[in-house]
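Heads up, the next two complexes both have subunit A, just with different partners, subunit B and then subunit C.
So, the complex of A and B:
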């Protein structure tokens, strides 16, 4: 997963059908077949299950919008992963970054006196707070890497757990974000954020709840892609990733680059948390991040450094999750089935890396 | 704090440290040989599930334990093939395995137990060792533990001796530090690494079985809840040494036991903070107390002849 493993340009010209594209498609097909076999083996009618799956993904405008909103959160985490990975850093802390983003967005939306602000500041300020919180969360891992040489896989993972428990604390304690306790039955969750702080919907119609997160994410995708391939900063990330000592000697600060890379990844994770809270959930509760950070991470891992790859994987996972939820509700197929399929895709692709490289080098 | 409470605290610290300790020592051996198993979590969960089902179906927890150990081996083998033969990225493949296992065990659990969740499952017996167990107050509270714990301690002692005094130990260390030299000496780096990953799978399977049929006598979906990842962190905490890792895991056990002890003493600390404590501790440890030269030189890099 170093920058060296990027498919080289000449390979594209020589091979019209690239294995880097073909193999993922084959992996998804293989995993889907196993999924179908599993559905049959638990005694559910396969056509019924497929119908429920399709219905949950593209069956209604609502389903499509919900799937895309979900994909947007995965994609942001995935872009962050790819960005940091260009500097040979592996950010597995998406889950915690989403959590702290959600906390910051909720805190500012509820108690930051932002509801009356004009020009969309009512939701922009909570979003910025989430970005800052996520960036800070990522920067902790970066500082540990620079100062103590701590492997960022472990630090971001531990920070993930800490972030998730921090969120649990916030919604459990009335001194923090828990809604005022009127009785012992008051749920451990925050108040609902005010309408002004909710993200505007693109169509204004709640039967198609696609929010402004989608255009925002498209802009971010372009910015990340350009940054990585066309700017000096992208070159610096790659240089530091390939050889920190040489890069340092060439005048590129190792410390600053690492902090930039991990803080940016964290910022994107925080933004994903903000979009999830301000755009869909509206109240902060335990289990808020619900594995989105891991799905985003997997999207980033599978994309092998490509921004379009992240987008494709994020869309796939977003629609798969929606379909899986509907399959559970309608056809009594546990959502865990979708998790199995996802795991198979990751393992197959990880195992095929050597094969892809050999093929492309031929 | 009375002696009784302290003894209970000590006993539960040891009990809570056990799963991490078993998995951690296996992972440490594998990391010494150069393979990072992010899939410890998946191996533990597989065994926790298989041991619970086995014990429930046969009514014999010992058979359950055996089934748990056997079930985790294909998972370990998959990790070994991916990270050695196919030279896959060890983080990606490990996380992929964890996702697959989480999905598969949840699916199978729903199919087997259905609505009867939290089924009572026969668990492994506790033993009270002679002499130690007879100490008044402390004896029963501290030393009366599930026998798997004592078995695990014996295994860890053997592992320590093998690593330190035998040629196998030297070969494992060299496979992680200087694989080329191992190759030149005529030993197979791949074979050593396969063996170490399978050993990690065996230890993780004991750890998973301890969770389900040793400690709480039931299986819950995704019950390892990151314990495998924590084990990896505590190996770093322990500087890739048996003694260090053991101490680190005991510290983890103590930090976890505080969750139950402090409220009993009437000390009001937010529950979430106490749950967070073992993770914070691990973070501080990997961030400050451990130098950067300690890790096996080729950790996480597939060997290429």
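So, the complex of A and C:
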């Protein structure tokens, strides 16, 4: 046989734009441009809209703090998503978990006789109640998955509706959390929680209302990252996610892993609800969760398993939402437009990532 | 470029010629500078180990892949099949390694599938099938459902599907892997008839017995290159083997040699008489029903002594999967008991079974035996990760050191313990799974199902080396395999499974081959 020289190995194609950070930046820029075009098309002055957006995000210490407080809630739901997703479970129930967390936090803060407790227990106990409620909400879906094979995408989503309507019932019924009806004009909402149960602010200054949710979330981010990468439990989540049959054969319990994963995701969602109630809203009302669960879910999806990715996406969404609200109030741009832009960012980011991966594989 | 085909030599003009074909998948070169001719009227065998590039070659001819370099000529003209449909239209038919039949349709409908549009002429097709049956000795009921047919009959359907198109080139990719001994003979017979009618047959195989019996010419592939050719294969068989495995035939492990049909006899029978009987694994009246209530394993009773290798023979799908799944704790039996010594293991969890000292090498390595998306080290210690955990934290350094020692001991070849399991070759993956199960601290019984499937000769030898060593240590071994040669050479005793029942048992003596073959086909002895 003729001996030919070994054919040279084709180099693996690398996408020319590096580092990969440029891709999300370009995607955000593109979506922003489309958004501005849309704003112009409805007859709003573009400079006014931009000014309002900037004002609502970084225009004042208050705006920055409010944006970060929002991001914290998104991030917690996103971390939960990533955690469950490591076991190949898709938790789309953040909205309901936030709702039950809010209900539990309100109930304990108002009627749990915690206001007089020392050492911060006044706000820690409502928080723990919210964590437990969220974990239970997630665990319901996990048990359905383990016992009956119910797809957790369906069950967590439907549990979300139940959670949101449960909250509606709680604030509508005077027997539950609705504040005493003194007149027919009494709003369907709870009493405001006492000052002792409100989350302490980092600076103590209401013009910069950043609360202890931020450091708490940073700690949780580190815990989740370490759990996923350094512990046996993290490896077990991954094993069960990648191949449940082989993991079972190797002696790992599918049921326990799934319940842990979804209950943890739920617990983080519940905690997000507690932070929103105890740190910002102080009264429970209808529409309390206001889509935070879904924004957190998107942050988790976009991050593709990375804790820092969740943090980045959560910050982006938090600031965008604040800016959007201000655009609506000041420049009369519908908030819906901000949602449209957010959707555009998600699609361009996901699309760009797919495109790069395909290009490199060719 | 065009040096191999000579248009003036009419008698030897090739039907198909490959000229310096190269095919790459990413950075992996599957075929490199492969040239060969297929002549009308010949049976051309492609011999090579797993991963040598045989299937890639078939897929190039059949238009599934396109070559990256070189040229193909078919009937004297350049040949660039756009896809399988194009290759079929030009008279090339292929029987794939895995069946492509719709199981709840009839034979006739499967044959018609993709061939006709509008109104199906079932009756005409059935008549054609009957003609073919007479011509080639391929009896088939045209109106039988595929799911009611045996594996051998299903393959007959695949062959008929090809022959009904009267192809001028007939490609068979490892067609004998799933067949009974009699069926193999019949298949080779069909190949001869096709070739003698002036058409060409390409038979891909790694079994030398078939080559001895039927090949007109042989091309040997190794590592994607043509390393030997022969026009007198029966005489050159030793040279061909040496080319295929790149080694000395005499030093080859006897079981590995028997796997490729080289030495059907057992090299040295171990002395089993002196051994004192002591039962390790005892399976008592095990019965398994599938979810539809059909009996998959029927009153299966078997005892494996310490230091004994019991082989379970049978055509695949006769209850072997259910047997190993129950023993592994992955399936609940409808009845019966499993004991390890005095310990009852019926309905135990996989964890309890591992703790009791039963190692399981599952038949489906990728579905059950490993997690391909995790690292080699993680896979080697998948069932013992707690040994490397302190306060919940995984001590990765220690894990990888231990895994590296295992890699050394079991000759698992990889760049390091941290590589992704999926980057390993099949042989190395299997050695890693075997390493994990055979090094259980208190191993008393090893259940190995199809442990050498898809492995090359070197890996087969290594797997048997370890299984024998375990046996010498007094481990009870239950070896489930559809390769009769393998069982005859490795096992002490063979039981034959047919439709979930034990048809019979006998000593693993090559003289019993015929009897075992008959039992595999369902004839009680």
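Here are some notes:
One rule holds for everything that comes next: the second predicted complex is superposed on the first by the 330 of 362 C-alpha atoms of A that agree within 3 Å, B and C clash if a C-alpha of one lies under 4 Å from a C-alpha of the other, contacts with A are read in each partner's own complex, and residues count from 1 in each chain.
In the analysis below, a contact is a pair of C-beta atoms (placed from the backbone, for glycine too) under 8 Å apart; a residue touches a chain by one contact, two chains touch by 3 or more.
Bear in mind the structure is a predicted one, so any value in this text is a computation, not a measurement.
Of the two partner chains placed by the overlay, neither subunit B nor subunit C lies in contact with A:50.
After overlaying the two complexes on the shared chain, residue contacts for A:351 are found with subunit B alone; subunit C is out of touch.
By the touch criterion defined above, A:230 lies against subunit C but remains apart from subunit B after alignment on the C-alpha atoms of chain A.
Subunit A is touched at more residues by one of its partners, and among subunit B and subunit C that partner is B. When the two structures are aligned on the shared chain, A:23 is found in touch with neither subunit B nor subunit C. Shared-chain residue A:239: touches subunit C; no touch with subunit B.
Of the two partner chains placed by the overlay, neither subunit B nor subunit C lies in contact with A:36.
Once the two complexes are overlaid on the shared chain, A:247 sits against subunit C while remaining clear of subunit B. 1 are the residues of subunit A that lie in the contact sets of both subunit B and subunit C, per the superposition on chain A.
Note for the complex: subunit A touches subunit B at residues 1, 38, 42, 90, 92, 144, 147-151, 153-155, 157-159, 161-162, 165-166, 168-169, 172-173, 294, 297-298, 301, 334, 336-347, 349-355.
Residue ranges on subunit B touching subunit A, taken from their complex, read 78, 81-82, 86-89, 91-93, 95-104, 106-107, 110-111, 221, 226, 229-230, 232-233, 236, 270-273, 275-276, 279-280, 282-283, 286-288, 290-292, 295. Contact residues of subunit A toward subunit C in the complex are 1-2, 4, 6-7, 9-10, 12, 230-236, 238-239, 242-243, 245-251, 253, 361. On the side of subunit C, the complex with subunit A involves touching residues 20, 22, 24, 26-27, 29, 32-33, 69, 225-229, 328-330, 349-351, 354-355, 360, 362, 367-374, 378, 382-383, 385-386, 388-389, 392-394, 396.
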